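One structure is given here, and the rest of the page talks about it.
Each chain carries a letter (A, B, C and D) given by its place in the written order, and its residues are counted from 1.
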Amino acid sequence: MESVGEIAKFLAKEFPPVFGPDRGCSVEVAEAGRAVCRLVPTDDHLRPGNIVSGPTMMMLADATAYAALLSIYPGAIQAVTTNLSINFMRSIPAGAAVVAECEIIKPGKRLAVITCEVRGADTSDIAAHVVMTYSVPPTANDVKVS
Amino acid sequence: MESVGEIAKFLAKEFPPVFGPDRGCSVEVAEAGRAVCRLVPTDDHLRPGNIVSGPTMMMLADATAYAALLSIYPGAIQAVTTNLSINFMRSIPAGAAVVAECEIIKPGKRLAVITCEVRGADTSDIAAHVVMTYSVPPTANDVKVS
Amino acid sequence: MESVGEIAKFLAKEFPPVFGPDRGCSVEVAEAGRAVCRLVPTDDHLRPGNIVSGPTMMMLADATAYAALLSIYPGAIQAVTTNLSINFMRSIPAGAAVVAECEIIKPGKRLAVITCEVRGADTSDIAAHVVMTYSVPPTANDVKVS
Amino acid sequence: MESVGEIAKFLAKEFPPVFGPDRGCSVEVAEAGRAVCRLVPTDDHLRPGNIVSGPTMMMLADATAYAALLSIYPGAIQAVTTNLSINFMRSIPAGAAVVAECEIIKPGKRLAVITCEVRGADTSDIAAHVVMTYSVPPTANDVKVS
């Protein structure tokens, strides 16, 4: 998929629990191996202390990485996460939107490595730092990958 | 908290998005630094291919680790995840319940390290292997910790 | 390779900085996807406080995982570590031998996931817990892999 | 410690296996939570294929993170690595020097999170990406930490 519009449409259709119309999650950027998604948290995304929950940040990071892969890998639809490592560093209060920004630092033929920073929309402080590995089907990746 | 009943009641009250009455998640074991939770997935827990999503497994692992901490740390209510690393190894089909089994392998004064195996209820194959670090408030941990 | 003797001989030849005759590292078990290696630390393996250094434990875990792979994958000679995540939990004093015990928990066709526990030879307490992913060349793995 | 010279001198004295005069490892930058170290590999740092070994990159990343901590934490001498997660992405051939560049992305009171990129000196491609957590003694950290 080439444009952020196509990618957003695909994700809304295939991942309704994350990108469905009432879930508060949107794709803002998805091009050249980089993606940004934004989530407006609902009560389901919070934990005691009225802060954004850890699993919410993980879900957003994983979804944003997938959007980044779709922007460069023809076969990325079948890509699957093999490893995700997250460091939680600061909390995000309930009122703020959550922004995840991903970059593919190794667009390999079989494995892609993606870093992600998750933060509250109104701050430059990183709330969570994530590194993910995706396994990408080898057959379909004959273009655009270094 | 000392009994699995107390811990389950506390989690149902404090984490309704995970342990609320209609969420399909229950605490089966929580004692002596070990915990088992079970999830009956709903559509929200699935991804394309009709398999249990990665974020669902992460959420269940994190919740089960918290139950394990509550079983030995007086101050565990305020414990927070600092690192979670997960390897996805096999998929769990939609029909199966998901079981997470956690063990605290390092019950430190300030940091606890917990391993977790996530699998479908009907198999011994591990679907996901997780290692987590929790930061535990130092002031409240004067008992039961090696 | 089928026997621990063959694997030890291969490692001594190919990895002299780790398994060479004067390096103190020996293969004790390597069969059926499980391996145990032992290191008698020299001054080079220590850090201030007269304890075994972190990189020493990582090196031993990585080498032991490789021995485990050699025991089941025909193509393991060309396997490479893609991810290693280690939690340091307790120190090992200078006098003790260091033992690493690895188990392949996912012997996949392209990726293998291996867990490892590192400890002092005289204790059951885990000093470091390691999870590794190896990429295995797909062409050579037509036997003995689930 | 305030200057890169002081830090380099301290490391040479305390970590002779890494920073000793004949080990090929030098501190180039260490200030304001950022550090760069350089290693000229010897045969002991190589693995089959005549490339820099994984444990060598881990050792260099860990040492560089420690140099970064020394630049801002008064108590960093007693800091210890609690978690290290490394993704190996590209190989570094034997002839090249190895450069590790670390940044503290979370200088917490008790835990510091540091990212690191390891590469061959002559390229901008990342060979290994590392995320580390250090535990820092709480008593001594009353200055310069956000």
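As a convention for this text, a contact is a pair of C-beta atoms (placed from the backbone, for glycine too) under 8 Å apart; a residue touches a chain by one contact, two chains touch by 3 or more.
Quick caveat, the model's predicted, so the values are computed rather than measured.
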item: Pair joined by more contacting C-beta pairs (C-D or A-C); value: C-D
item: Remotest chain, chain C as reference, centres from CA atoms; value: A
item: Inter-centroid spacing, chain C versus chain A (mean Cα positions, whole Å); value: 33
item: Rounded Å distance between chain B and chain C, as computed from the means of their C-alpha atoms; value: 29
item: Distance between chain centroids, defined by C-alpha means - chain C, chain D (Å); value: 23
item: Shared-contact residues (touching 2 or more other chains) in chain D; value: 82-83, 85, 87, 133
item: List of chain A residues in touch with chain D within their complex; value: 85, 87, 89-90, 105-106, 108, 113, 115, 126, 129, 131, 133
item: List of chain A residues in touch with chain C within their complex; value: 82-83, 85, 110-111, 133, 135
item: List of chain A residues in touch with chain B within their complex; value: 14-15, 17-18, 43-48, 53-55, 58-59, 62, 80-88
